[in-house]
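Take a look at the structures below.
In what comes next, chain A is part of two complexes: it sits with chain B in the first one and with chain C in the second one.
Up next, the complex of A and B:
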């Protein structure tokens, strides 16, 4: 097995090694349309895309296991944190590519372009994960955003998609402007765009209002990506309007880009600057805590009154973002590791739920919760899998969602054996997960207990089944053996905190 | 040699669950025999483990055996997985698996006609049993919580079992569905408290292992008010799971499932988990007398209210459901009163008081075991009646004694036992409960509350005897009803044999346990100052007899019980007293209050559904309308072109953008306020 160590990646990519997983995907994105024109078959394109993604995953895992560290031109730096986050985005894009081939909602005419855009969007996300400079962070976010706008609009048959895409573009443009404004303010304060240099520069100076404005506008800009209240209003419309595989891609992948950017910019700066007492770290933590509390509460409470399952999942996604924002309030290494772990479990459980919705839409079942009545009779596997995903989202042991919430909430309660002042936030979060059970149970009740109008069996495409099984395995496995990914997350967190 | 294999106790039933879930269709009776095997295996192994434990040196000191491996780490804390065997776990393990075995055997007859659904049934009950057994042997709170939730999930599925095409039509389907959801959500409300309690313990003790938390020196080092907070939160979970006041409403509705499921929930698993947890946390709860006072008062109130609701109910299963609530109330009352005295005794170093308090623990645990047997018997008996008459309404029964001799006589034994008729099982434990509560009234500043609870408990004993015999006479004596004509005789052997096996246990187990094995269910402080179960000092035959029969109050209860049975006989068997006269033929205020369960369900509907949904809609309205509206109005006031038609055409884009800006302005405002108060820059 000598040839399968990190050196093989270095041999192939040379000085571009830190970007290896992305380069593979970019090449894939370039050939996608050609493959489609040559073969005219969606399956050929999907197979190529998946092959490309798997190669990329293979390189990334080699680099992760090898503990590879390296930078490119002061703009990108690959470390344990980047590795873990790239893996997360790779999982998301893999599942999306796998199911969009058999979904009835995705485009038929432009399938090559669809895959090309999908790969490009994920490259943008990975750029953010490896970025070590404000410019590359911005670049990555924009690459991911602009391609996502098109992906949303590509569901041509549905007028809702067009409307959603327009909304997404306009609000996205607004948030881009805000992000850019914040970044330039930050540059003005620190005199550099390199993140670690900014941290070093800021640690020698006091808090300034220019820095405060930079923080607030960046929170707004990244808050749009993660759909934090009050920057969340686009999310339900867009998730509802887009093709379900794309909704899944946005809900599980694109959302995490915002978090990665938040972690990179804020945590690094604050970790370096926390030595300066006048730096107002605590005030910023309170701002994040307030946003977190409001986000999870609004998301959960509004989800109760939703009848469209995609909108319900969108609001529950908003609530989950609120949970992850606890990391930004607590700002401890352990909280970051827990938050990253929750991001992984969220991919599997929320992704799984979206996959089932998408699979059912493909076979002609509606998006209303009432359309799910009697599903247990019609598709026992889907009904049971959906139950597990939803219960995991609600945090019922021993599923992954329970374990990750346990980590996350406990990180808000104590840090290194000392009780933190964020215990109230943990309390709000626990209450919120109790509320969330209410609307998840509504779906479960419709599927398992209520009687449906039809008892005809449903057969969903195999790729959907495969993707659902994939998510299901991890939802159960990570609940029982959280250490499987938690160890990587702990390493990644210690890198970001300079440990 | 068996203790090392304790993990097999929950593992074998869960393997049965998997096997039946996948292959049940190909098995005879949908996998029923395999479920029976799983339960029987657990039962035999439990007995072997218990025998080995009781004869080992660990039983005498330190009173438990535990072994665990690290499951995962939370920050600096290790969360373990393993087993913790002491007399309490042995007791629960044995009765839960034994009764479940009988219930599963009975199910083979009872569920015979269910066709393909049997697979689902047997898979779920196996998992249910796993939950209870896992709970009993868990070595820490988190492990316990996992099994606790697994049980909650199974009860949800089983109560909603008739979900699709209920044999009684669509209305019944809806009832089953909403009953299941109610059970799940209400118990979950308690679970949130329990989880909060676990966080408190984890923070204070740095561990969730029983062995670490119940350590006397560890508890002494922790702030008592935090222990109080943790204990009360844990008890919040118990209130939900064991359906105590004020979360008692779900259990009667849970009757929507098959009768065997009710038997399982009421006798062997689920609601007993709450009692088990209080008994398990006894060392923790007794750190504060106030906590135990709270436990006792909640128990007393539940015992009384639930018994009143059973007085005029016409549904045979619901009467039994209310009686479960009421008997659970007794158990908490006993544990609360005993713990209260023990806590006071620990504060004042009064060993005599602690010894009296320990009787409360014994009484609560014994009542839990006795109740498991007579309630399983009664539920299975009622299932047998329902199976052959096709109705649950007692007005349509009557005169069944001639047609169903075995069911009738075994249910009579169960009724005598639960009513506390002298020398039956229930009599002994109930007398001990009442005696403990009466003693508790003499101590401490708040002791008078226990005197009030004692009066309620005595009245409850009277009511229990009345409604149980009302049920028995209405079913088996009196005039034959509509359903009696449909009755096609005694139920099949697989149903009657479990009844015949359970009957002697329901009749005599109480006396055997109390006189022969009482030393195993005691609690006390051992020579190193630690709490220990089963310290080996029973009162012995004479001691108990003296305790019970030297007290004048024992004769008072016996008299009340006999009187209640007599009244029930004249009202429902001889029909010489018309019960209609008492309640103005169902129009009196109290009768309506009882039929409506003191209006608890309406109260919950108002709070839960109306308020919850109202808030949700309100928040959504504020979210999408008010915030936008305000912003819109502001912007149009500024721009001077508040054209509502224009707004309609552009959709809500402008609003969304406005909300983003609004959010940024609010963030600035928050930041300014924070800086002002926290003295930042």
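Up next, the complex of A and C:
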């Protein structure tokens, strides 16, 4: 590995090094349509996209391992936090690109455009992860959102997709407007758009209504992105209507953009070492704690009554967002590290579940839970893998979801040896985990215990199998060896907190 | 010790986890054409595990087998892979080894997907062994939950007509309880760390527990106690148990009653009593009343049961209530006999559930009112059934007698000390009820006129594997009944040191 250290990235990219992983993807996005035009083959496009993503992953990992830190034009700053989050988005886009090539739901799409949009969306997400300024955060969110609208609408064969896309655009637009409004109010209060300067500027001020409004509108704006209750209505419709690989992309990736933005803005202003804006911190924590409690409860309770598995997964995603919001209530470094770790495990387990749904749709099995009856006989591997993903989501040890929930919930109970006031939130979260077990077991029961109308064996495309195995390995591995990712998350959290 | 195992087996405790795990995988591989070999593979591996657990009994110094490795160390949190066996857990490990093997033998005639069936039994053994050997709360909790999943599938795949309902109910009840327990575990682990590295090992938490205030102890005791006690189970959170037992296959019931219920009382002693002596004092009266409630209600409900297996399930509730009152005495002798009763009930309930299961298979029904006069027709079955009933109602000379004797003795001591000697009446009522329902059930099933309500042409007596499994369990019941010190010897030191901790408050 002597040849490959961080310096190779700096040599290639020079002053643009902080943006290296994104630049690769942008170039990839630009050539995608051309590749499709030249080759007319989906597999060629997919192979190019995957190659581009892998190069980007390679650069990012070199930078992470090297501990690279650097900024570009006061707008972007790459540090350990950005590195970890970029890695997360890269994993998501890698899996999506891998399976979309053989999904039956993308066959009628212009595949070059699809991949181009997919890569652009992921670049937007990574922009948010590297942003050090409100403007770039907004830019990244918009880039990710607008491309996502198109990705949803691209499934033209299904009227549900059109409905979903329209809903997504309207709600997304509202969310953008709110975010922008909040950002401009914050600029008005602090006089700068640089996030750490804002934190410094606020330290000399008292609470003002303008500041309060800025915070509330930003919570609403970001709340739409992460589908926190009461801003969650769009998520089930969009996940149901979109092509399943796109649903997976939105459910595991796009959602995390909202969290990264929340962490970047709110934690830096309220909780980081550099922050002295002591006012309103506790109020803010309470707001987030209540949103978290309501979000997880509504998500889980509504998921019980769903019969469409994509909708069920959507509501379970909402619930998971509620769990991650614990970070915003507790606002401690350990909570942030745990929350980031949970975001990773969520990618693998929820991503894996969506992949299986997508794989089964591709071979002609429906989206209803009753369609999954007797799956164990028809596709033993898929049935067992799905069971593991769902059990992991429910938090059954020794799977990844258990370990990350253990870190996350424990952060709400203790903070540096002192019992926090958020212990009730941990209770709510634990009760919710129990509720969630009920609807996950319904699917498991249908697959493993009930008998289906058919016992004919199913064969799913190899790319799906590969992607599912990829997720499965991490769901098991991170349950047993969480330190593989948790160490990076702990570093990232300490960087964000200025430790 | 009259016999000492001559040499040390390296990594013995890890082997106790790995052998059943490999066994489960190997058995699972016996699908399709090779299904008829599944039982031999499972029997071999569970046999090896039993022998290994037997070696522990003959090891004078158990600490040579302690294993400890750091497993996860990140973000100021440390979890370790620690396995250890002491006076409290050794009998439970032995019981697990024996019962898994014997229930494998008992189920040798299982024809429906035997590779799944035996693999699930072995997978459960991994979790059960692990719970009793774990020396780290993280590992403990993982293995605690690992036991749930094989049990869920055992009930849901191989159970009776209402198996889906029973399996889900079992899963959700016990999982919710585990989650409450998990919060309690967070509290003790993070509380003991006091801002330093959060170490999940039992030893580190015990070392840090000196700082726990009485209020904290009382609060956390409640959480942990609830988590453990639902597993035992306690009235009114017991309703999952009769359903699970009624629907579970025989081997599942044997392990559920024989070893899994004991996880609850084991947890209470290991975690609640060891760590939170102040909390134990505060909760003492509540524990006594919960114990009495379970004991009397369980026995009372037995009388009304028509299903033989359901009756045995309720008798388990009653007997676990006895464990509860013995623990609640917080005295040397109380803890000693609580553990002894756990062991004794493990063996006796195995016999009872095997007999009830055999009634289902060999006679075709477990409904007591449909049976009658079977002693002449099925002598071997009747003999084992009588033996089980007598052992369970505490016939002197069998293991159950000593357990109940010791429990009532310690409880008497306790009631005298708190000047509430009338509480002992509940024990006597329970004993009477127990004798009553067993003898009545025996009379209605085995004696009197031969029943005409069922088709008697197809009934047959116990098969050879069933006789072997039942015979071996009964032999153990008699052995430990005649020589209780063989088991009590392991518990004595542990109980007296725990009583010192509890008395020191």
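Keep this in mind: the second predicted complex is superposed on the first by the 489 of 499 C-alpha atoms of A that agree within 3 Å, B and C clash if a C-alpha of one lies under 4 Å from a C-alpha of the other, contacts with A are read in each partner's own complex, and residues count from 1 in each chain.
Everything that follows uses one rule, which is that a residue touches a chain if its C-beta (ideal position, glycine included) is under 8 Å from a C-beta of that chain, and two chains touch if they have at least 3 such contacts.
Worth saying up front: this structure is predicted, and the values here are computed from it rather than measured.
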{"item": "Chain B or chain C, by number of chain A residues touched", "value": "B"}
{"item": "Chain B versus chain C as contact partner of A:67, first or second or both or neither", "value": "neither"}
{"item": "Chain B versus chain C as contact partner of A:410, first or second or both or neither", "value": "both"}
{"item": "First, second, both or neither for A:366, with chain B first and chain C second", "value": "neither"}
{"item": "First (chain B), second (chain C), both or neither touched by A:191", "value": "neither"}
{"item": "Touched partner set for A:489, first chain B, second chain C, both or neither", "value": "second"}
{"item": "Which of chain B and chain C A:231 touches, first, second, both or neither", "value": "first"}
{"item": "Contacts on chain A seen with chain B and repeated with chain C across the two complexes", "value": "334, 391, 396-398, 406-407, 409-410, 413-414, 416-417, 419, 426-427, 430-431, 433-434, 437-438, 441, 445, 448-449, 481-483, 486"}
{"item": "Touch list for chain C against partner chain A, complex", "value": "72-77, 138, 141-142, 145-146, 148-149, 153, 156-157, 164, 167-168, 171-172, 175-176, 179-180, 182-183, 186-187, 189-191, 193-196, 198"}
{"item": "Residues of chain B defined as touching chain A within the complex", "value": "72-76, 142, 145-146, 149-150, 153, 157, 160, 163-165, 170, 173, 176-177, 180-181, 184-185, 188-189, 192, 195-196, 199, 202-203, 206, 612-613, 615-617, 619-620, 623-624, 627, 651-653, 655-657, 659-660, 662-664, 666-668, 670-671, 674-675, 678, 680-681"}
{"item": "Residues of chain A touching chain B in the complex", "value": "163, 166-167, 170-171, 174-175, 178, 206-209, 212, 216-217, 219-220, 223-224, 229-231, 233-234, 278, 280, 282-283, 286-287, 290-291, 298, 301-305, 334, 374, 376-377, 391, 396-398, 403, 406-407, 409-411, 413-417, 419, 426-427, 430-431, 433-434, 437-438, 441, 445, 448-451, 481-483, 486"}
{"item": "Sites on chain A touched by chain C in the complex", "value": "334, 337-338, 391, 396-398, 402, 406-407, 409-410, 413-414, 416-419, 426-427, 430-431, 433-434, 437-438, 441, 445, 448-449, 481-483, 486-487, 489-490, 493"}
